[in-house]
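Which chain is which? They are A, B, C and D, in the order written, and residues in each are numbered from 1.
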Amino acid sequence: MDVLYFAWVRERIGIPRETLDSSATTVGELVEELKAREERYAAAFADLSALRVALDQDLSDFDASLEGVREVAFFPPMTGG
Amino acid sequence: MDVLYFAWVRERIGIPRETLDSSATTVGELVEELKAREERYAAAFADLSALRVALDQDLSDFDASLEGVREVAFFPPMTGG
Amino acid sequence: MDIRVQEAPFDLGHEVEAFTDRQVNMGAVVTFTGITRDLPGAGMDRMEMEHYPGMTERALTKIAEDAMARWDLGDVLIIHRYGVLRPQDRIMMVGTASRHRAHAFEAAEFLMDYLKSRAPFWKKEITKDGSEWVEAKDEDEAALDRW
Amino acid sequence: MDIRVQEAPFDLGHEVEAFTDRQVNMGAVVTFTGITRDLPGAGMDRMEMEHYPGMTERALTKIAEDAMARWDLGDVLIIHRYGVLRPQDRIMMVGTASRHRAHAFEAAEFLMDYLKSRAPFWKKEITKDGSEWVEAKDEDEAALDRW
């Protein structure tokens, strides 16, 4: 599974993307796994209300299933336009 | 006093403008004077709800006073844009 | 404010570019362009747009001033043609510039709503079978109620 | 529909002219242009617009399709830049064409509201003193409620 980070999430974690083997079945479980890895992940995911998640490039939410998902992306609320 | 006609009011009356000596004190009185003059005026002013009036180039209404007014214009509802 | 009433065509791309270019620190520019539509069936040869010289400029200036007073705008542009217009000709345009996108949008809609029913223009459609004055629509008058 | 996500500047006047010119019997064209504003005080050196390649095009296409389904539109244009932007640079534009002015206006506002909060772009403002990610505004999220 590819995991992508954008904006300050990318800056806090220090990399734009990585490929993971994870047994997480939901986005929430994946976040918990990541937070347990290193302090920079714990810092990035400290406040989930300040984060958004996309599964295979569609906006989703933190209790969504990861079944069949190939690309997960985490980022702050968008500020385009 | 100059009296101007636009769009189908102009076509019905047959002239774009004329200068009148009128003793009318309101727009309504002026309309009655004009209607009494000739059939083409009576036809143009038959339905006042289909007409608009401007006094000195500001939209006004049919019971407005003509005191000090130099230019009266009659026309149908506008269709710009 | 830039208000123009003219018989000649205007260069839409140039006007939008110039209007946008002369704004300082406005984050939002909205433009509306009105285009002559053809008529179903017989087809339209041309539209003749009559206006009331003098009052037209006065009415458009008043509408633009009202918009500037009501919203936080940096600038307003109105160009409106009169005379003979063919299908696909651009009849008129408005432009608004603001620091806020909602202001730019609302002001442009306000300009259009007032200009439709309060600026002294009258459209006549000419087909090969004859000509007809365009009737004002109740919905255009009703559109003013929201302001 | 014409959706472009690009680093290069776009020629606003040319795009508005071309978009308007290719419409057939649409009486109304609305455009919105977003421009980089300077910051008060220290002043902004530049803005860096990050995006999510792939998802961006997908999200913008979805927003444009939603607008086409919801209003009577002839066409939709979206151009959005990413990368480095200086004050006064044009960031993005949308265009809508319709037979009805209300549809063209509403659809353009809808596109802007969704694009602000649902397309994966992130702005970072860089001054001589440092840099800061622009925070999403509650009012932008709230703007979606009206649709």
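Here is the rule we go by: contacts are C-beta pairs under 8 Å (C-beta built on N, C-alpha and C of every residue); 3 or more make two chains touch, one makes a residue touch a chain.
Bear in mind the structure is a predicted one, so any value in this text is a computation, not a measurement.
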| item | value |
| --- | --- |
| Whole-Å gap between the CA centroids of chain C and chain D | 23 |
| Centre-to-centre distance between chain D and chain B (centres being mean Cα positions), rounded to whole Å | 48 |
| Residues of chain A touching at least two other chains | 81 |
| Sequence positions of chain D contacting 2 or more other chains | 34, 101, 112 |
| Arrangement of touching chains [line / ring / star / complete / other] | line |
| Pairs of chains found to touch, sorted by chain label | A-D, B-C, C-D |
| Interfacial residue positions of chain C with respect to chain D in the complex | 11-14, 16-18, 20, 23, 25-38, 87-88, 90, 99, 101-102, 104-105, 108-109, 112, 143 |
| Chain C - residues contacting chain B, complex | 34, 49-52, 54-55, 58-59, 80, 91-92, 112, 115-124, 133-136, 141 |
| In the complex with chain D, residue positions of chain A that touch it | 4, 6-8, 54, 57-59, 73, 75-81 |
